[in-house]
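Chains here go by letter, A, B, C, D, E and F, matching the order in which they are written, and residues are numbered from 1 within each.
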Amino acid sequence: MTEAATTADQGALLVVSAHAGDFVWRSGGAIALAASRGQRAKVVCLSYGERGESAKAWLAGKKLEEIKEIRRAEAEAAAAALGAEIEFFDIGDYPLPESHETVDRLVLVYRELQPAVVLTHTLVDPYNGDHPAAARMALQARILAQAIGYEAPGEPLGAPPVFSFEPHQSEQCDFKPNLLLDITAVWEAKQAAMKCLPAQQHMWDYYTDLAKRRGVQLKRNAGPNLGLAVDTRAEAFFRHFPQTTGELS
Amino acid sequence: MTEAATTADQGALLVVSAHAGDFVWRSGGAIALAASRGQRAKVVCLSYGERGESAKAWLAGKKLEEIKEIRRAEAEAAAAALGAEIEFFDIGDYPLPESHETVDRLVLVYRELQPAVVLTHTLVDPYNGDHPAAARMALQARILAQAIGYEAPGEPLGAPPVFSFEPHQSEQCDFKPNLLLDITAVWEAKQAAMKCLPAQQHMWDYYTDLAKRRGVQLKRNAGPNLGLAVDTRAEAFFRHFPQTTGELS
Amino acid sequence: MTEAATTADQGALLVVSAHAGDFVWRSGGAIALAASRGQRAKVVCLSYGERGESAKAWLAGKKLEEIKEIRRAEAEAAAAALGAEIEFFDIGDYPLPESHETVDRLVLVYRELQPAVVLTHTLVDPYNGDHPAAARMALQARILAQAIGYEAPGEPLGAPPVFSFEPHQSEQCDFKPNLLLDITAVWEAKQAAMKCLPAQQHMWDYYTDLAKRRGVQLKRNAGPNLGLAVDTRAEAFFRHFPQTTGELS
Amino acid sequence: MTEAATTADQGALLVVSAHAGDFVWRSGGAIALAASRGQRAKVVCLSYGERGESAKAWLAGKKLEEIKEIRRAEAEAAAAALGAEIEFFDIGDYPLPESHETVDRLVLVYRELQPAVVLTHTLVDPYNGDHPAAARMALQARILAQAIGYEAPGEPLGAPPVFSFEPHQSEQCDFKPNLLLDITAVWEAKQAAMKCLPAQQHMWDYYTDLAKRRGVQLKRNAGPNLGLAVDTRAEAFFRHFPQTTGELS
Amino acid sequence: MTEAATTADQGALLVVSAHAGDFVWRSGGAIALAASRGQRAKVVCLSYGERGESAKAWLAGKKLEEIKEIRRAEAEAAAAALGAEIEFFDIGDYPLPESHETVDRLVLVYRELQPAVVLTHTLVDPYNGDHPAAARMALQARILAQAIGYEAPGEPLGAPPVFSFEPHQSEQCDFKPNLLLDITAVWEAKQAAMKCLPAQQHMWDYYTDLAKRRGVQLKRNAGPNLGLAVDTRAEAFFRHFPQTTGELS
Amino acid sequence: MTEAATTADQGALLVVSAHAGDFVWRSGGAIALAASRGQRAKVVCLSYGERGESAKAWLAGKKLEEIKEIRRAEAEAAAAALGAEIEFFDIGDYPLPESHETVDRLVLVYRELQPAVVLTHTLVDPYNGDHPAAARMALQARILAQAIGYEAPGEPLGAPPVFSFEPHQSEQCDFKPNLLLDITAVWEAKQAAMKCLPAQQHMWDYYTDLAKRRGVQLKRNAGPNLGLAVDTRAEAFFRHFPQTTGELS
């Protein structure tokens, strides 16, 4: 079992993102890593973040449809830079509406993609209700996709692990990372993807600093003996279900 | 980094056990797995469990020294059946005394063994104060062993992951497993080790049932597509520090 | 007050179950105990579990209506074996839809039955969203039924205690039992009820093992002096509201 | 089992109190109830509260030994008013020293008294370190007293339930009551006991108000149908171990 | 920054209350304090509490519309006594329906009022589902009002702190106060407001006792050196977001 | 009360630090702010961090006494740069020994200084046992210093608020900040103090990044309307006891 359980090389990566930019800042490294290894990687953006995460465009007097177009183009470019496919559900944001229809669309994605790993938001975020809403739908769809009795094309889903990526104010979101991912090897790809989002330029530095900080922590938790790079970059995640493995490490 | 981080083949396994039997019931599978893979495995029994876990012998009218001899012999046999070394600190139990001296002895073990993985008790156990006491000392010694400034022979320790093994009443001990280990391949070795502890024969069934139950859960969490054995056996663990890895899975 | 508060002999037991089988595995003993004591016991199955808990039937190529019929017949037989009435709301599962209409139907049940004790699912279950949905509706309906201003036939409800029964993976559902119920006296009735559910035969052993394990824990928590049976069987519950009593015990 | 498990009539009540007054304010009703029912009730005061809870006497210029005498006399009078025996360990307070010697003295009490119910402080109290220290020793001694291998006169202890009584600022001490005890029938005895502690006269009103407030909550949780007295008085407790019972109520 | 951050003198106070009486019992002091200082204070009552909190009127045989009128008049009188404006959304209670429409109405209030401080219910209340529903809507509306892209008249909202006021059974609602507000100076105004609610006369004493109890705790937490009044009255609150300040105190 | 409660201008700041460097990285801004306002500020270093936090010196082959001298000089320089007094208890580190003697020395400091605010470590830190040990002693000493019956020179202490400063890996230490302090005005002083610790030069950048990140969060939590500086710098704290105040803000 060891091999099957400890590698996801053959499987795909699915990212369920509330808004168009979230997947870049919070899991760009994980996506690029998967892609670099030959895994299929797919991002589902439930909305473009047109209302809640596009302050600069609104301040510049742009209109709703225009803003959605801009955000879409940026997100497509960023996904391409990371090596991922991207699909937009365009269900609107602020608030992101929770509905069975959207959950059902996600079931179709799960059934078609058969992801080996799933990434999404945290279930708590007092600063942004769209994030937990996206996470709840991603988790609910995963459960439904597993049931042979749920009517949808394709084979029932297995039990891919689900990880929450890091929210903006981690502690206020009860985000206690239990996995630190070394993204040093793909750091340039993540940087390139971030630069596809010029409206949030202040975030480039913010997430560069964060990657350094999580890198320092990764080295602290991995120990000094592994010969990790001085400039290790990392992303933090929370694994929702118990890890299954054939080897303790 | 992937390889270094996801395998512990070259490193040793250290188990810090409050009493002579704990390591068998709760982590016999993990120990046998490590040994079967060629890893060095070492058990430190802080006490023989002579007062708190030897009711049958006391009822039979045996004396303290005699009971300690019996427990020692049993634990040695069980360790041998699992492929592990064993060392007894003999500091007494009920209560297990916490002292810097004992912590310091554990530092020596860490420095000499340089374990890649550490197993011990949970930090909460309202039914048995010795278990958290052992865990506190195991964790404290690991920290001290990491410091170059701590005076003890050998090289400073790296940052081996620490896992709590399963307590008797998991929920009352706030034990929420975040790792399920497939021990099917070494199940016979664990059974053999359990049979080295004849005084606690009722535990044989209890821990066989538990291994089945955790096996069912492992399959549920791994998903049906991995082709796991019908009679999968598992042990549950709680990882204390964030997992560090080069790949999400 | 002591007597009134510590016995529920005169009152009824209400079980709110998401799917057709849940009440058997998780609270069959509690139901049989109540019935054996002459209490009225009633199970409300919100759905038949036709999509989410009938994998075997779907694999065998059965159709939706056929599956519902099978599950209904099984659940009726199991309820009869336990001595309980059963009512099916048939609102569909996977997902179990939350609606005020269903809550209102539950209010009617509360008002008519005037239960002395209520059993339902846990409020957390990352493996099955239907379970928390059922629990939320059961708890909400209890609150509404208490209000004289809520328009529904019958007298306002008192304040019956509510217990969550045990979920499949207790720790992952934050299920920390605070009550262990001795079901030894009705163990045969629970076994008979389980055998009414032939499609889930692997569960018979699973829940037999669990009853033994909870029985061992009950004896551990009750102490050796009560003369409990060697083969004590138990079910675990979580009490939601403070126990009210005239005597500490 | 029902009877044995739901009544403690034959057994004794043990209260482990850090200071001389704690048992009165926080569990005077529970003690009086037990005594009124013919149960033996015993209070162990680990200290007189001579330093930490005798501000008025210090302000009045009294000396240490004098203060201890006063507190002792008051506590003896209060215990008598409640119908309880009292023993003073006189180990000093502020801080209350934790030692194996004191734990061992408590083991002797457990072995001799064979209590059916144990009351003590909460394990958390950021305002008073003596309270958690007393609770830790009371819980540890209970574990040791259960072990036949622990050297002390008398029979091994069973598994009496342990309850924390209410701390001064409940929420700050993470005190979430799971049992409300109706003390209406013995309210006069508790009042009489409180009046034995004249130095803390402001507490009389405070704990009268609290008894009313907990009484209102008891009625709310018991429901309107039980015919409880308008002026119900109650004390709140936290049960540490799962309740074991033969009947849900 | 100190001044701007530590005073809210120029800003308004917004209270989002599920039912017509909640704001009086739980935050009457905070409202009167703000008004006495010249701040604008506004209460939004989502419902009149006509079904869930008007038992006396139903028992007296009154009709729905009549009850709503009574509750409205009482709440208006109480608001006037405190110096606050009041607006009724009249969305019905038991259950309080959660909808985007209601959230949107709250956004308008936020945008118009630009509150410096927001008060609402706790997010947990197992006794009353309307309270968390009100809190969720108040928090969600605050987030939406902050977004320039959210279509509503007025300027985007800043980031006013949000406080939960005290629920009826604090511990059961996981209410751990992190702020105690001295309301001694406006105690008479709160008393006058309470007396505007004659149907709940038993609550007058209850909340007077509570104000005393929280006052004692305020003095304990503030320390004896501040010269606080002997009869200090206080209300307890839970601050949801980190306090921002230019000075530790 | 408002004024007394919301300003600490007249009172002193006490910082209890496990090792010689902790107070600089984690609370240098808070100290400099207090000093800049004319408050007396005093740091107590329980140890020099000679074993656990001086890896570079040990690697360079320095001896224990020499290392202590270096660390002492550095800490004195840093304290001076911040405007604080400093006292060294020199009780040794790794492990930091907990004793009543050290607690008693801290009581003397409390009684003499009469601090208005206290800063120390978190109560949880799985990476460094010295930090919680220091926090436990600081909190215990504060309690003892409050008791008139505790024998020590000086007046009994009031109830100064206690804050934990930020640990290295916040989430792993269950550090959920509830206060963000604007240190922009004294940022240069903190930088100067950090440069007094040349052996940990990598920390300069690390804590500069952190101050920026907490600054961004402070602005997010304070709202855009306060006119805070673009380059706001902040430190994060956890307040242990309820804030007492005469005004909500």
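Keep in mind that, in the parts below, contacts are C-beta pairs under 8 Å (C-beta built on N, C-alpha and C of every residue); 3 or more make two chains touch, one makes a residue touch a chain.
Since this is a predicted model, take the numbers as computed values, not measurements.
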For chain C and chain E, chains touching each: A, D
Each chain counted as touching chain A and chain B at once: C, F
Interface sides of chain D and chain E: same vs different residues, half threshold: same
Chain whose average C-alpha position is farthest from chain C's own: F
Repeat of interface C-E, chosen from B-F, D-E or A-B - more than half of residue-number contact pairs shared: B-F
Chain whose mean Cα position lies farthest from chain D: A
Whole-Å gap between the CA centroids of chain C and chain D: 36
Chain centre separation in whole Å, for chain E relative to chain B (CA means): 52
Junction residues of chain B - those touching two or more other chains: 127, 172, 177, 217, 220, 241-242
Which chain pairs touch, all of them: A-B, A-C, A-E, A-F, B-C, B-D, B-F, C-D, C-E, D-E, D-F, E-F
In the complex, chain F residues that touch chain D: 100, 103, 139-140, 143-144, 147-151, 240-242
Complex interface listing, chain B residues touching chain A: 1, 4-8, 13, 30, 33-34, 37, 116-117, 119, 156-161, 163, 177-182, 184-185, 217-218, 220-228, 236-237, 239, 241-249
Chain E-touching residues of chain D, taken from the complex the two chains share: 127, 168-172, 174-177, 206, 209-210, 212-213, 216-217, 220
Residues of chain A defined as touching chain E within the complex: 50-52, 54-55, 58-59, 67, 94-95, 97, 126-129, 172
